[in-house]
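Next up: some structures, all given as structure tokens.
Two complexes come next, and they have one chain in common, chain A, joined by chain B in the first and chain C in the second.
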Partner chain A sequence: MKTRKKFFTKKNGFIFAFLLPGIVLFGIIYAYPLIDIFITSFTKWNYKNFLQPEFLGWDHLFDNYIKLFTVDKNFMVAFWNSIKWVILTMVVQIPFTLLVALVLAKKPRGWRLTRNAFIIPNIISTAAIGLIFLNIYSPSRGIITEVCNWFVPGSNVSVLANEGYAFWGVTFSFILFGGSSCLLLLTQIFSIDASLYEAAKVDGATGIQVDRLITLPLLRPMLGTVAVMAANYGLLLYNEIALITQGGPDNATYSLSYYIYKTALGSTKLNFARGNTAGVIQFLLGLVLVGMINRAFRTNKVD
Partner chain B sequence: MKRKVISILLSVAMVSTMFVGCGSDNTTKKDDTATEDTKTEDTKTEDTKTEDIATADSELPTITFTHGYYHDESEWAAAGEMRAIYQEFADAHKDEFNFVIKADESGAEGIYNTALNDLSAGEFYDIADFGGWDITPVASASDAILDLKPYLDEDADFKAGVGVCYDQNTTEDGKIYSVREQIEGVGFWYNAALFTQAGATTPDQWQTWDDFNTAVDALVAAGVTPFGLNAGWPTNIMLAAYMQGNDASRAWYEAGKTVESFDNDSFKNALSFIQKSALQKIDAANFGPGGDDDEAYRSDFFDGKTAMLFNGVWDAGGSVDCKAGAENIKPAVFPTEEAGKKAALLSGGCGYVVSSKLDEKQTEAAITFIKYMTSPEIASRIIEKGIGMAPSTAVDYDALAGKVTTDDGKLLVEACKLCQSADYQALGLGNTFGDAEGEIQSKYAGLKDDSKTVDDVVKDLNDFLAASE
Partner chain C sequence: MKKNSIGQTTTGKRVAGSIGKYFIMLVVLFISVYPILWVFLSSFKKDPGGLSLPTQWVFDGYITIFTKLNIQTYFLNSFIVTIISTFISVLIVSMSAYISARMQFKGKGLVTLMFTTTLFIPSISISFPIYRLLGDLGLKDTRTGLILIYSGLGIAITFFILRSYFQTIPKEMEEAAMMDGCGYTKTFFRIIVPIAKPGLATAAIMAFLNNWNEFYFASILIKSKDKMTIPALLGQFTTAYSKNLNGMFSAIIVAVVPTIIIFCMLSEVFVKSLTAGAVKG
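And then the complex of A and B:
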């Protein structure tokens, strides 16, 4: 006769006891705020009813969402900018970082120095990076204006005061800094069984063939992880914008994170409901992106 | 067995540590209070950055005053002077009440953020100086702060001491939740030597804005950059100042936060002036993106590279040892469209705010403190010590000019006098339009490079108004 396995064993009890603090902390720090943000996105909540959010009612349930997508131009700019930054990290940062990792993995002369130099921007605070770029872009003392004046005398380009340029100004303040991702990729490359490379060498494979047919396929799960991290950075971009452009000029560099801050706390109206609604959209967007990237890179499947 | 015991103990310790961590910190607070209470006057120094607390007498009512002047005197001398003023008050009233002084190292912004947190828990500071961060809309809606109007109305000296704050801070429902001992007095500074070099009429002789335009053209023709601007503060000053040109313009501007549309001739005219007569008179190198770190417009003026600086009276201090030559730096207020009439921007904004939950004696102590801070003596001291401009209409600037010995101190007195005696005094752009200020300033770059017309800007601003409803 089959005996039913007991769930409430001492062993399970201990496991649960050790997991409990983590579960409770997760509930308080992540789950509760997330649920709260979701619920308050269906309320009216600003400085007038700071202590008591008011439910919008079933007839007006999606008013905050509708307003964001129909009348709030700043939100739409932030929404599309965030998507653009995610795409740019995918098509610029990840390939560039991968290329650097593949080159460094061959251990050319000075590879350690290059690796360390590549990681430096990632260990400097984004506040310092922001200040550095502010100076680079400054029309009165920045190098960009000087360089533009060499090519087009008198052009006096002011990167951060021009709608078209400012977006790219913010983008270049983070897009090439893939040091952390490069380290992860390098570690993964170095952990690939050396006998595979030796066999390829014996078979007369070229360097590019080795990278294409051995390294890249085996790098796929880590590449997926790195892509998720980079996409999230693009989606959650805040520090660079707060420090370099404050969303300007003409709100052309708003990101979703910056919009949320400006709407909820950076305004005397303290529109928490609208800010939280944007937060829900950002969260959902993040979920979709992670899902898509995981699917594209099949990160949960091992060859 | 031994392992099991250790595992159980470890689990219990982890869970209990977590609950203790999440629990109330009343015990800690009590201990802190006890420590604070035992501090004596002897251990205090003026330079104390953290808490400056008078010896508490448990028999007397106690109120805690929080301010943002935490800076070391070597970093900002005004902070030390303000702390001394507070301490003198606490000492003078130590037999009547305990006046506990706390310096918040996160500054006025930190005080504002703390107040927001406290409000969500139904609490509020006893009395705090918000240094311009406007907590009153949310705090008054939460019924957490005291209406100061009755106290101002019953005491003419008190009312004179708060000056423009009385009218500016009166809400739509006729209440005053905040007054200040300092205000932002804004006119502009000019470099007399550069005006002379260009053969341009100096601002003290201007009659209307036409004279401004003529002078700017003369400066440009002589190769002198008239001013530096950015997509923020200095351009906002120009826009607000130009709006004081005539009655219609002033009336619309005063409506500020309640305007339902920016499609107004006066406003469009002012934007057009900003575009054609200000932004497009300077090259891109003299137009910064704005923000706290963008002060090239200011440093260029004190380096003698530009002829005018649109900034407040406090920048008298910038003239010390400047390359432009301190003797060339002069203060001025703005012309209007009415010949000879002048305008200045005087913004009280949010300063002292008192909790509505204090008892009668505590409230009395708080009001006594605000009266002290807005008295003519303290107002004179604030100007004399170069801290800033006081709102009090009772200050004798001529007498003060005789007392001040430093050159920058004399400049400050002169600038304050000009602002206080201007024919028209208005709030700055931020205090007038609230959140719309940020939207307005974000359009300057487009106006400068002609990618936006005045009508485009007005449409964008109206869209912003619609979205913010």
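And then the complex of A and C:
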């Protein structure tokens, strides 16, 4: 009796009432769908049995997973493309953004303008960016074909019609736009104790030495955060593909997200179970990635 | 560590250094501004596209999208969906974040973990169950359905920003209010919310931006044209309007310019918002 009385206090009632809406929202938007894709990834569920997923049975439990990696060509393309995009954000976007942040941190004339301009591609809708690049790549009205014709007259490159080029077309519609990451790095650099720089100056360190020996080590945790965000973006890439290539030409620019959309929602051979299985894989891949990046950028010294 | 005195750095090196700096800045400016500028100039051409400047300025595209396409409708939809969902998510998450920041109770760790892990759940991987759930609720192809999804999508970021903001508010504030006989709920809405306004504004700006630009759910859920948001409308241009090039180029400009103007006016606020929660000063 006593414990019961203690549990139903005014304070607990308040805690419960204040948490409830958040928990309900979490349940609807995240928990239920996440559990659902895990469960249905072990079922047979497509346009033939639209209403009721069928359990695959214990012997065939992982059939969907096995099929994705053995039979489904589009999935394999999507899987490797997504991995390539993740790697490209790590080797292109992060170093480029870091370089820009280090340059702007010296506060050269016009640094604020440059910083703000760099943020613009990140705050306008990616649908607009996608549409812009779709036009830029267009042979009839774009500019890439025209520019290529200056160097190789008559080459008439059509970025989106060529399997190899289309991948890079999608890549360049997002890979250099690290404005918000740059902003995060820049803010972190400005928060570094100025006396450290003073001391380095007294010791006669050059600009590059200061960057390498003071700024970079102190920037490491933030670089980790920014790297996680960028890698996630690469892994989840969808909008740019939907607007620029629609997975083409010949399904060469599928990403995991685009595969999930196409498989579960956007084609005639609706295969819900397989789409959800790909969703599970995408989710797990993201967790592995975050773990790896956190590990790589973890600072060894705790101070 | 090598020690060079500053005096030894030759002027040549320094000049090369600053040329390098300005070159990088120019590259950044070019890639950030040129694509939009190109679309802007093209939108006035009789034959949109190409590298040249317009020889003859044509305003057909803009006239079409305001008169025939009724872009106002899409703006209104975007506004309704974005504002309501931003309000709901900031309200709900601020309540949870407050509890997580301030109260001691069993299962607190679990609740906090729950909100933070949403950051790692990709919305597209779980989109099919959400799509079906909305169908069951009769919310497919409705703005209400979109509002429901958007209210939940940004939970993690809002939670991070608000939780860390609430933690900076001194506990004495609440204690004093409690002494004066304010209940918990009243204390939160009357005392804490006004103090936390800057944090709430930051969270709201982030949520607003994300919801305003959201494309995936808008494009799969909304099929009727009169309910589409601006990003969903832009998605239509890949096929439906590709014949009306002036219209397409003008629509891109009309879609992005408000964001850019607001950003230019409030750039410092934006800069603060975008870095909030992540940077320890």
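Operating definition for what follows: the second predicted complex is superposed on the first by the 271 of 303 C-alpha atoms of A that agree within 3 Å, B and C clash if a C-alpha of one lies under 4 Å from a C-alpha of the other, contacts with A are read in each partner's own complex, and residues count from 1 in each chain.
What we mean here is this: a residue touches a chain if its C-beta (ideal position, glycine included) is under 8 Å from a C-beta of that chain, and two chains touch if they have at least 3 such contacts.
Being a predicted model, the structure only gives us computed values, none of them experimental.
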item: Clash or fit, chain B versus chain C on superposed chain A; value: clash
item: Touched partner set for A:Trp80, first chain B, second chain C, both or neither; value: neither
item: Partner chain(s) touched by A:Leu25 [first = chain B, second = chain C, both, neither]; value: both
item: Partner chain(s) touched by A:Leu134 [first = chain B, second = chain C, both, neither]; value: both
item: Which superposed partner A:Val103 touches (first chain B, second chain C, both, neither); value: second
item: Touched partner set for A:Ser191, first chain B, second chain C, both or neither; value: second
item: First (chain B), second (chain C), both or neither touched by A:Ser267; value: first
item: Partner chain(s) touched by A:Leu160 [first = chain B, second = chain C, both, neither]; value: first
item: Contacts of A:Phe69 with chain B and chain C, given as first, second, both or neither; value: neither
item: Which superposed partner A:Asn49 touches (first chain B, second chain C, both, neither); value: first
item: Per-residue contact with chain A, leading partner among chain C and chain B; value: C
item: Part of chain B, among the options 81-89, 99-107 or 153-161, whose backbone runs into chain C after overlay; value: 99-107
item: Contact residues of chain A, present in both the chain B and the chain C interface; value: 14, 17-18, 21, 25, 28, 131, 134, 138, 140-141, 246, 265
item: Residues of chain C touching chain A in the complex; value: 1-6, 9, 17-18, 21-22, 24-25, 28-29, 31-33, 35-36, 38-39, 42, 47-51, 89, 92-93, 95-96, 98-99, 103, 105, 111, 114-115, 118, 120-131, 133, 148-149, 151-153, 155, 183-185, 188, 209, 212-213, 215-216, 219-220, 230-232, 234-235, 237-238, 245, 248-249, 252, 255-256, 259-260, 263-264, 267, 270-271, 274-275, 278-281
item: Touching residues (chain side chain A, partner chain C) in the complex; value: 10-12, 14-15, 17-19, 21-23, 25-26, 28-30, 32-34, 36-37, 40, 99-100, 103-104, 106, 108, 110-111, 113-121, 123-136, 138, 140-143, 146-147, 176-177, 179-180, 183-184, 187-188, 191, 201, 203-207, 209, 213, 222, 225, 232, 235-236, 238-239, 242-243, 246, 256-257, 260-261, 264-266, 272, 275-276, 278-280, 282-283, 286-287, 290
item: Complex contacts: residues of chain B adjacent to chain A; value: 7, 11, 14-15, 18, 22, 116, 119-120, 122, 134, 137-138, 141-142, 230-231, 283-291, 293-294, 296, 300, 434-435, 438-439, 441-446, 448-449, 451-452, 460, 463-464, 466-468
item: Partner chain B, residues of chain A touching it in the complex; value: 14, 17-18, 20-21, 24-25, 28, 47-51, 67, 71-75, 131, 134, 137-141, 145, 156-158, 160-163, 166, 245-251, 262, 265, 267-271
